[in-house]
Amino acid sequence: MSIPSFIPHEKMSDETFVLNLGPQHPATHGVLRVKLTMDGEYIARAEPVPGYIHRMHEKMGENRTYAQFLPNTSRIDYLSAMHYTHAFVGAVERAARITVPPRAEYVRVITSELNRISSHLVWFGAFLLDLGGFTPLLYAFDDREKILDLLEGITGSRLTYCYYRFGGLYNDVDADFLKGTRDFTAYMRPRLDMYRALVTDNIILRKRLESIGPISAEMCRKYGATGPVIRGSGVAYDVRRIEPYSVYPEFQFDIPVYPEGDCMARYLVRMEEIVQSLRIIDQALDQLPEGPVMAEKVPRVIKLPPGDYCYAVEAARGRFAVRIVSDNKDIPYRVKLRAPSFSNLSLYEEASQGMMLPDALALMGSLDLVIPDIDR
Amino acid sequence: MSVSLEELIARLSRLCPPEASPASSEGPAPAESPAAPAVALAPAPAVTNGCRLVDYAAKGYHLDAIVPPDKVVEAARLLDEAGFGLDAVTGVDWLAQEQMEVVYDYFHPSASWRVAVRCRLPRQTPEVATISTVFPGANWHERETHDFFGIQFVGHPDLSPFLLPEDADYHPLRKDFVA
Amino acid sequence: MKSPIGEVIRGFMSLVTGMGVTIRQFFKPNVTVQYPHASLKMTGRYRGHIELVRDPATGLSLCIACKSCEKACPSDCIAVEGVKRDGEKRKSATDFKVDFTKCSLCGSCVEVCPTDALKFSRNYNLAGTSREAYYLDLLKRLQTENK
Amino acid sequence: MNISEPIRLLLFLAGIMAFVGFNAAYLVWVERKGAARFQRRPGPTEVGFAGLLQPIADALKLLSKQVIVPPTSDAILFRLAPVLVMSPALMCLAVIPFGETLVARNINIGLVMVFAFGSINVMAIMLGGWASRNKYAVISAARVVSQDVAYEIPMLLVVITLLMVTGTMDLNQIVRQQAGWFWHWNLFKLTANPLMPVTFVIFYICMLAETNRAPFDMAEAESELVAGAFTEYAGMGFGVFFMAEYANIVVGCSVATVLFLGGWQSPIGVWSGPWWFLLKMYFLVFSVIWIRWTFPRTQFYGLLNLSWKILIPVSLFTLVLSSIMLKLF
């Protein structure tokens, strides 16, 4: 007879108490509040209460021109700023029918994938921190720092890059960046082996993550959870494949899928995605064409034809979609930002029921939440 | 995909019988008219119910179904059976036309199909049935939409302010909202 | 393979492997830089707050007070005033103020500038005790730089 | 020596207090420096040479802070807990033989005394958590008690195994038995019990669990319970808990050194003395730090299952094996 890791709802006692996890709590990575109804250390109900850093980006979008809204997009999910800018820029390009020169598209892919790796590295460190392991965070930040240095070298910024422009890029990449990126992909692969020895194969971590927090593919679909969450549930849903954008069809890469649906599956998906991103970067560097990085005919003031336009990208946390409704003015009529963390967190209440507190926090960590992304 | 696309279009079309003019200019390819002069106060195309294929490369989704408000749940159930997942629920405030639009975005986890289901509500009494009975994930999206637009989702378990402060009684994404 | 004793031994070995990884790192050099004592080289494209470019010929600003930057700024933090002086073809700036408290360092102003009169400064270690310290008067900064 | 016994005892007690205080303060420094090295940072460098004055600066800061007693808490127990948490470490060290004659009070049941007092610090943490009347602290208090109960059993079973080998509870006697080269240590007495290294590993794991060190730091578990039982403590109240953690590590490592690693005996047969004791003990302390900065935290039920399903059966097995060996040879 061992102590159960899980108590079904029917077997809970009536003597519950309410525990406020957050808005300031080390495990919520920001200002997310989760109202927990607990039976001892088992969770009877977990009710996330977001909105503590709601900034109303969507209203800001209705008050400024397309170009002026561009910096906002990097600030929604600050860990994968490139992808968010890509989605907004893509939506405007789609509506205005701007063709982006190939070199710009390749550079977009390289920088997006670098950003994905850096985002996954932050998640890796922060997730281990949730599980009580400190040192991997520092190793991951060491690696991430190399990416940030590379991206700072071309964009001028370390986090909120705002590098893409309607029709191309802010500026061209230089030789230092290309060489640095090559060095980085060569450097990163042995580091992943080290992470495997230190973390992935570790018996404590495996015991903590395996068969903990199962999320079924059906649940992902009903809640709209995407990204590594749905891929950890056995569904090969990746926007880069299913709704190809930019020049992703040009590259060979696998979509890591693990059918178990537990925290370990989501962990392994992300670690494998780092490898695949490195693969894409290598291919893109090999194939990088010469040429301009800005489309020639981009109007100074962008006015989109009336109608609504969607553009979705695979951000580090899942599907990020922008829906622009235009009324033929130079400012959007409506900007809808579909944030992956929002949908990913929405299944938390159902998924965490009956779990123990540490496991529920492991589940929350495995969803890879960025709170500004939920609150927008 | 458990249902073929033609089947899906046929079923969705049954939910939204085209009203007055089925062969309106908006019908076949609404995206092909970027040069439409925007002189009218109401910039959006005139709304006619119906389910139509749109050009993905131009719009970013494949199927656009405009349904009457009472058919929203039915459409959700239909897409659920076809294996779609809920992407997002949001609103658009058409102030000039005195209407509120609710947009339901769906994605398919294994096929490259994006469906937008939308319905128009009168702006004075924006009420529509909740689809959180079909997609539990709609719960949060509808709460957010209620926050921002004041659209009432009938049957929704909890429409208290979500992203806005808990005592908020305003709806900031309405076009007549002044901070 | 799945015998419980084997599992315990394998688990124990995975712990020993992990400790081997960290002890190897223990004897490697530091990767951090002790900031106040040493600092990293700034990258060429670093986006600090904006600064007026000095015209090497005249020592004055290149700004023609066209207000493009003012219009492009998403945060509404630039205020430019200019006059057309006698004998000059173009306007020149008499007042160029940046409210750095609102600036989000997006760089739109530098991009739209038709005369390339704006540049990013390398100033990253900003600290101040009052809000007013960040209402920057760029023309005045240019003059002090000239001296 | 010609010093009378009471004065000698007082001197030793003062020495032990100084030793504990010094260790508690400087092990924090060692931990921070060690953690920094594992993470390839320099660690504290600013206060004094290589940050050596950092613990003093920290202590001054903590002392200058207000000791906040939450209004809803049980004020007496709340204040009592930090006092209680420190005392067992001092009591235990009184019987630990640092050298052949360097022991405050050599009693013939020293081992019993160590384990009797060793569990009190857990009670203190429980009291602190309970008296705080904070939900996180109460969860932590409940965790501490069940963790302690679970790990006390395999630890004592292992010690009984060892007692069968030594035949005495006199700690100095146990050390004397391990004289000579290092294969005379109890750790390597394979003729008495071939599973002796396993018993040491079990003892070590239990010691980690009893001192609430990572990967068994269920009581503090900062990413789950904020700071667990210490959540409501401010200023030196927290500081004492913090120091007690290190004092208890010193005690645990000392006991392990005495029982398994030959105490003050030299591993090469000559030059025995207290320096060997300190060397071995600090190596164990370092390994504790090393483990903390390598592994993630275990699950709470995983921790209990480890004890009840692996450690207790294995230690029972070693106990039986030991008694069979004793009977046969």
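First chain written, first letter: the chains are A, B, C and D, and each begins at residue 1.
Keep this in mind: contacts are C-beta pairs under 8 Å (C-beta built on N, C-alpha and C of every residue); 3 or more make two chains touch, one makes a residue touch a chain.
Fair warning: this is a prediction, and the values are worked out from it, not measured in the lab.
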{"item": "From chain C, the most remote chain by mean C-alpha position", "value": "D"}
{"item": "Centrality ranking, top chain (CA atoms only)", "value": "A"}
{"item": "Computed distance of Cα centres, chain D from chain C, in Å", "value": "50"}
{"item": "Centroid distance [mean C-alpha coordinates] between chain D and chain B, Å", "value": "64"}
{"item": "Separation of mean Cα positions, chain C and chain A [Å, integer]", "value": "25"}
{"item": "Cα-centroid distance, chain A relative to chain D, in whole angstrom", "value": "43"}
{"item": "Per-residue overlap in chain D, given as positions that touch at least 2 other chains", "value": "38-41, 293-295"}
{"item": "Junction residues of chain B, two or more chains touched", "value": "none"}
{"item": "Sequence positions of chain A contacting 2 or more other chains", "value": "135, 139, 142, 198-199, 202, 204"}
{"item": "Chain-level touch network, classified as line, ring, star, complete or other", "value": "other"}
{"item": "For the chain B and chain A complex, residues of the former touching the latter", "value": "30-31, 33-36, 38, 43-45, 57-61, 80, 83-88, 90, 92-93, 103, 105, 107, 109-112, 114, 116, 135-137, 139-141, 144, 148, 161-165, 172-173"}
{"item": "In the complex, chain A residues that touch chain B", "value": "50-51, 54, 56, 58-59, 62, 91, 94-95, 97, 217, 220-226, 230, 235-237, 242-243, 305-312, 319, 321, 323, 325, 327-328, 333-334, 336, 338, 342-343, 346-347, 350, 375-376"}
{"item": "In the complex with chain D, residue positions of chain C that touch it", "value": "8, 12, 15, 18-19, 21-23, 25-26, 28-32, 34"}
{"item": "Residue numbers on chain D that touch chain A, as the complex places them", "value": "35, 38-41, 135-136, 139, 142-143, 214-215, 217, 221-226, 293-302, 304-305, 308-309"}
{"item": "Touching residues (chain side chain A, partner chain C) in the complex", "value": "64, 67-72, 75, 135, 139, 142, 149, 152-157, 160, 162, 170-171, 194, 197-199, 201-204"}
